[in-house]
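You will see chain A twice below: alongside chain B first, and alongside chain C after that.
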Partner chain A sequence: MILEIRNLTKLYGATTAARDVSLSLEKGEFFCLLGPSGCGKSTILRMIAGFERPDSGQILLNGVPITDLPPYRRDVNTVFQNYALFPNMNVHRNISYGLRIKGIAQMELRTRVEEAIAMVGLGGLEERMPAQLSGGQQQRVALARALVNRPAVLLLDEPMSALDKKIAEQTRTELVELQKRIGITFVFVTHNQTEALAMAHRVAVMKAGVIEQCDEPRGIYERPATRFVAEFIGSMNFFDGTVVATDPDGCTLHVTGDTSVRLQKPSDVTAGDDVVFMIRPERLKMSLVGPQEYENSINGIIRESVYMGETTVYRIELRPGNTVTVHVQNYLPGMTEGFYEPGEEVHLMWSKTSGGVIRA
Partner chain B sequence: MEGGLSRANDLRIGKGWWLRVLSSLVVLFLLSPLLLLMFFSFNASRNITSWSGFTLDWYAVAFSDRALWIAVRNSLIIAVASTAASTVLGTLAALALGKYSFRGRALFQSLLHVPIIIPEIIFGISLLALFVFIRMPLGIVSIICAHITFSISFVTLIVLAKVRNFDRNLENACLDLGATRLQAFFHVVLPAISPGIIAGALFAFTLSLDDFVVTFFTAGPGSSTLPLKIYSLIKFGITPAVNAVSTILIVLTASTIIAATLIQTGAQTSRAIRLFSYVLLGVIGIALCAFTLFSPREERVVRLYIFAEYIDQSILTDFQKTYGVKVTQDYTNSNEELLSKLQMGATGYDIIVPTGFMVQIMIREGLIAPLNPRNIPNLEHIDPTFRKLWYDPDGRYSVPYAYGFTGFVYNSSVVTDPVDSWNVMWDERYAGKLLMVDDMREVFAVSYIRLGYPPTDTDPSHLRQALELLMRQKPLLRKYEANLINDLLINGDALIAQDWSGNAFRLNQEHPEFKFVLPKEGCMMFIDNMCIPKKSTHKEEAELFLNFLLRPDVSARNMRKILYAMPNPDARRLLDENLRRDTILFPPVDDLSRYRITHDIGEFTIEMERAWTELRGT
Partner chain C sequence: MRSRLKIREFHVLLFPPLFWLIVFFAVPLLIVLIYSVSYRGTYGGVIPGFTLEHYRHLFDPLYVRVFGRSVLIATINTVLTLTLSYPIAYYMAFATTRVKSVMMFLIILPFWTNFMIRMYSIVTLIGDNGWLNNLFVATGLISRPLHIMNTLIAVFIGFVYWNLPFMVLPIFASLDRMDATLLEASMDLGASRFRTFLNITLPQSLPGVFAGIVFTFVPTMGNFVIPEILGGPNNIMIGNIITDAFTQARNWPFGSAISATLIFVVMVFVVLYLRYIEPVQGTPAAVR
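What follows is the complex of A and B.
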């Protein structure tokens, strides 16, 4: 375990930036803190870096408490959201700053800076000033400036948020490859769920200073532990329901009145519990004809369709005041344009392994 | 930027070139007074309205005038010290305000605006009150403290703007990379806010160099600055020598600012220009240090509080050579200023130079000390008529120094009638060509003399009559003028002007067609006296100096230099023929009753001021 956070709490007046947060990271892990702005994810990063002091709790690096150490005594480095490149120094001096401060010998310094520059692909730009660089180049300088110090943990505070979408996507892949190659533990803060799911080994979803769920990307998406996580990651349909019966394989529910739903997934609910049944819009199969090989189905009327390119999003009214969203791939074989029209009655079907329940 | 300037402007006043013309005009309007001043520093004539040939003489005069350079040196010491202190303190305050939140932060920030908002004069008075209360001796240190108090606000607010814009993450990035807070400050914070610090420092420097009001109140002996000295020169008229000094200062300040700008633009400018800027700043710095270091200290000293240029500088150095006592000068502007300074408890002056009526007031207020005649044997050279005058009946408190008259000057090449009466100032033939001095007492004195009242009269009905007489004169006047009387006469804008004898003498030397008249009805006379304040700490040295001044050869030399008459017949005998016999400088004074010596009119001044306002306002 390279980094361990124990019961970290930090309050700013009435707002909670972190409440009883505990995490442990393995060496070489790419860990992501995900959440909306103001959820406290950046504060946790800043407490690890040493820019903020927790009200209570402990941070251990390689098993040694660092909670009370100043930033310059911690073996961690940060890539800042706006990169925070020193405007009065050129690329080379920016990157070599940490080594110069530590008094690394000239020879070693040169090799290490050259390595770092090559690693992020900045060759030839050594003499440029930060103001003369593009956003992507600046981000690489920030990355090189941190990595040249070979920290135990690299902290990245929304490093892609200032880049335009295309460059951000390209950088994403490069960053994952870089991390795999150098094996340094990354703690990556973002509000962008796609980034988090695509890059991280594990993701912690935060809300109001509390970690709602910490799991691998697949677990976060497939088995959201709370309604917040389910809504924040992707989109989700919710049905209020009651558990009718349970068995070793799963359970049977009644949703939106008396529609019976079979769910074959382990859960800790018992008969009679009020629950919320959740199912992703892309897991619902829409059809004009009745149930075929699916265990569960419900009827509704198409109220709206929005063409999104890859998919079309339909809003289906099950009954007055109760609608669900369905995503349908636009390139399904045999589908023609305008196949489903608003006003048509359709069947929505899903398998017993789709969806999940949480307590209401 | 350049592209932006040439486009059609937002005000839609034509194409870009229109905007350029307008901008140039604005810049010209801002700079033309300075350019004119620099231009006239090369003028051969001492009058600033007419050009009479190129000369560098005034620079020679300025460079050889030690008193002037002492004032420049004082100004620079004060500016450098107060700038250094206020820049450091202001920057620290800005960092505290911009980076941290603490109790009373908002209050502190509002209080910073106080020195900027408060009228400067109130600020000056309150500082003087404070310094006197805590018994801090007035002098260079007190002026520096005063300047720091107001400069600090400007520096803080300017630097604060930079600190607010400063990205805190830059500092964090430093710490993150292993730098301590101090290293982070010098590597990143300071470079980022340095444009603000430089701007603030330049601002503080110019504020300090320019300041008159606050300096005026907080100055003490040995600390007169250039602005104080220049203002005090009003008594004799501002000479192109001051223009020369000002030109040097303008060039110095402008080079500092240009050099600072070049350095700040950093990477864009060539290495050579930057090198040049550093060299320039270095030279300026060394020059400042040289001035600052040049400040000899002597134990025995006499501190003179006098109008600028009212004593021959070489006498002071001779006195020092002979007796080993140094004489320093500070500059006063008026009797009233002298009085208020002494009343407010200013100490450290050893000799002051009040006019007759002020001597009377100061004796009454107990501000001046009686002299010991045994220490001043040279008093025997003084014309007995000038001893024991009404304002000092026993001659115990004052030694008459110099005297002069207020008569009128006329251009004899145009005005050919015999003129010997004040009536000519009401003569309609010269309408629009008459000048009266811009001085309430002098103007009313003429009116009173014409009416046959003494100028010391305090009867309100007589004042009314005098006002009516002046009201009749006013349409005939070109204007009331104080500083440019000679210039207006030379230009031909005026033919006849009420004038002081010293002024008239200088005019007559250059332009003999201008004659000075002491009207037969009588005229005003002033006698300046030397006195020793009660709080003087060098009374013995002061008396030694007075005795030295009265030595006939010294007094003669002094007269030759300042061109005012001194009541010292033995000295007068040593003067050249033309000077000795000059009737402007030495009109017959055997019978002083013809001349009205200015009296204090006490509370009646208020009445007269009301009448004066009425006269000037309508």
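What follows is the complex of A and C.
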């Protein structure tokens, strides 16, 4: 365990930035703190970096408490959201800053800076001033400036939020590869779920200073532990329901009144529980033909269709006041126009292994 | 990006200030130059002609000494003012918005009172029979009043007091503009608070420091009120020589010659300074 956070709490007046947050990070892990703005994810990062002091709790780096150490005594480095490059220093001097502070000898300093510059692909830009760099290049300088110190943990505070979409996507892949190659533990803060799912080994979803769920990306997406996580990551349809029966394979529910739904998946509910059944829009199949016996099904009327290019999004009314969203892949050009029309009655079907329940 | 059309329209707005500058700055400057090479009238006044006698007159050791003293006083004063102003500006830049506006108010407050009145109030404060001496004697801190009036110390008190806002404000402006995450970045990379100050804060504040130095040094060189009121007869500066030449000696050409020389020397100082000492400033960090 390289980084351990124990019962960290931090309040700003009436606002809770962190409440009883505990985390353990393994060496070489790519860890992501995900949440909406104001959920406290940046505060946790700042407490690890040493810019904020927790009201209570402890932070241990390699088993040593660092909670009370100033930022310059911690073996962690930060990539700031706005990069915070020193405007009066060129790329080389920005990157070598940490090494110069530590008094590393010229020879070693030069090798390590060259290494870092090559690592992020900034060769040839050593003499440029930060103001002469593009956003993507500035981000690389910030990354190199932190990594050149070979910290035990690298903290990244929304490092891609200032980049435009294409560059951010490209950077995403590069960052994952870089992290794998150098093996330094990354703590990555973002509000962008795609970034979190695509990059991290583990994701902690935060809301109002509390970690709602901490799991691998697949677990977060497939088995959201709370309604907040289910809604925040991707999109989700919710049905109020009751558990009718449970058996070793799963359970049977009644949703939206009397529609019977079979869920072939272990869950900790018992008969009679009020639950919420959740299913992702892309797991629903829309058809004019009725269901197979291995499928759950419910009927509804198309109320709205929105063409999105790769998919068409339909809003289906199951009964007045109860609608679900379905994503249909446009795998036939003909399906995008005049195939399903508003007002038409359709079957919605899904596999008995799809979906999940949480207690209401 | 602004369109070309708009920029051209803005040019029109430059005419009134340009007119103002030409009429009230360039023309008088030219008059001073012309007077400085004209003959002196017997009963004051100026007789047209061309002579360099007034400039030659300047090299009289008396005037050279006063000029040297003025440079020295202005330099020491600039150093003193800078030393006092920097901590104020620093504190202000990192204070809360509320404290910031209160301090800003306090710094601007003196401008609401006439300069002469402020100088005479300093006299009532530091005079032999002034409040400070009375207070110190009454509390037994000293047995006899301190002679501050009519000494160089009084001159410096006046100058530092007068220049403080002109030094504090530009330094504050450059520190206030600074991105505070730069300080965090520096500490994150292992620099202590003090090294962060030296490496990051100080360089960022230099444009303000340099502006403050110019705003302090240049007006001090030409000031004649403070040495006259607070410094007494032994502490005259070049500004006093100029006023005396115009008012008492009624030697306008000589006064003009000193003024022209002063302007020239200060101009050379400032140009050299801007060219070689002021750090080359890149465009402010593109931090987004």
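In this section, the second predicted complex is superposed on the first by the 352 of 360 C-alpha atoms of A that agree within 3 Å, B and C clash if a C-alpha of one lies under 4 Å from a C-alpha of the other, contacts with A are read in each partner's own complex, and residues count from 1 in each chain.
The rule we apply is simple: contacts are C-beta pairs under 8 Å (C-beta built on N, C-alpha and C of every residue); 3 or more make two chains touch, one makes a residue touch a chain.
This is a predicted model, so every value here is computed, not measured.
A.B. asks: Determine, for the superposed arrangement built on chain A, whether chain B and chain C clash or fit.
C.D. replies: Superposition result for chain B and chain C: clash.
A.B. asks: Figure out whether A:138 sits in contact with chain B (first) or chain C (second), or with both, or with neither.
C.D. replies: Only chain C is touched by A:138; chain B is not.
A.B. asks: A:332 in the overlay: touching chain B, chain C, both, or neither? Say first, second, both or neither.
C.D. replies: It touches nothing on chain B or chain C.
A.B. asks: Is A:87 contacted by the first partner chain B, the second partner chain C, both or neither?
C.D. replies: A:87 contacts both chain B and chain C.
A.B. asks: Once the structures are superposed on A, label A:71 by its partner contacts, choosing first (chain B), second (chain C), both or neither.
C.D. replies: A:71: touches chain B and chain C.
A.B. asks: For the three-chain arrangement built by superposition, which of chain B and chain C touches the greater number of chain A residues?
C.D. replies: Per-residue touch count on chain A favours C.
A.B. asks: In the superposed arrangement, which partner chain does A:130 touch: chain B (first), chain C (second), both, or neither?
C.D. replies: second
A.B. asks: Go through the superposed model and pick first if A:162 touches only chain B, second if only chain C, both, or neither.
C.D. replies: second
A.B. asks: Could you give the residue numbers on chain A that contact chain B in one complex and chain C in the other?
C.D. replies: 49-51, 70-72, 76-78, 80, 82, 84-88, 97-98, 101-102, 129, 145-146, 149
A.B. asks: Contact residues on chain A for chain C in the complex?
C.D. replies: 49-51, 70-72, 76-78, 80, 82-88, 97-98, 101-102, 129-133, 135, 138, 145-146, 149, 162
A.B. asks: Flag every residue of chain B that touches chain A in the complex, lowest number first.
C.D. replies: Its residues touching chain A are 167, 169-170, 172-180, 183, 187-188, 191-192, 267.
A.B. asks: Tell me, which parts of chain C touch chain A in their complex?
C.D. replies: 179, 181-182, 184-192, 195, 199-200, 203-204, 279, 282-288
A.B. asks: Provide the residue numbers of chain A that touch chain B in the complex, in ascending order.
C.D. replies: Listed in rising order, the residues of chain A that touch chain B are 49-51, 70-72, 76-78, 80-82, 84-88, 97-98, 101-102, 129, 145-146, 149.
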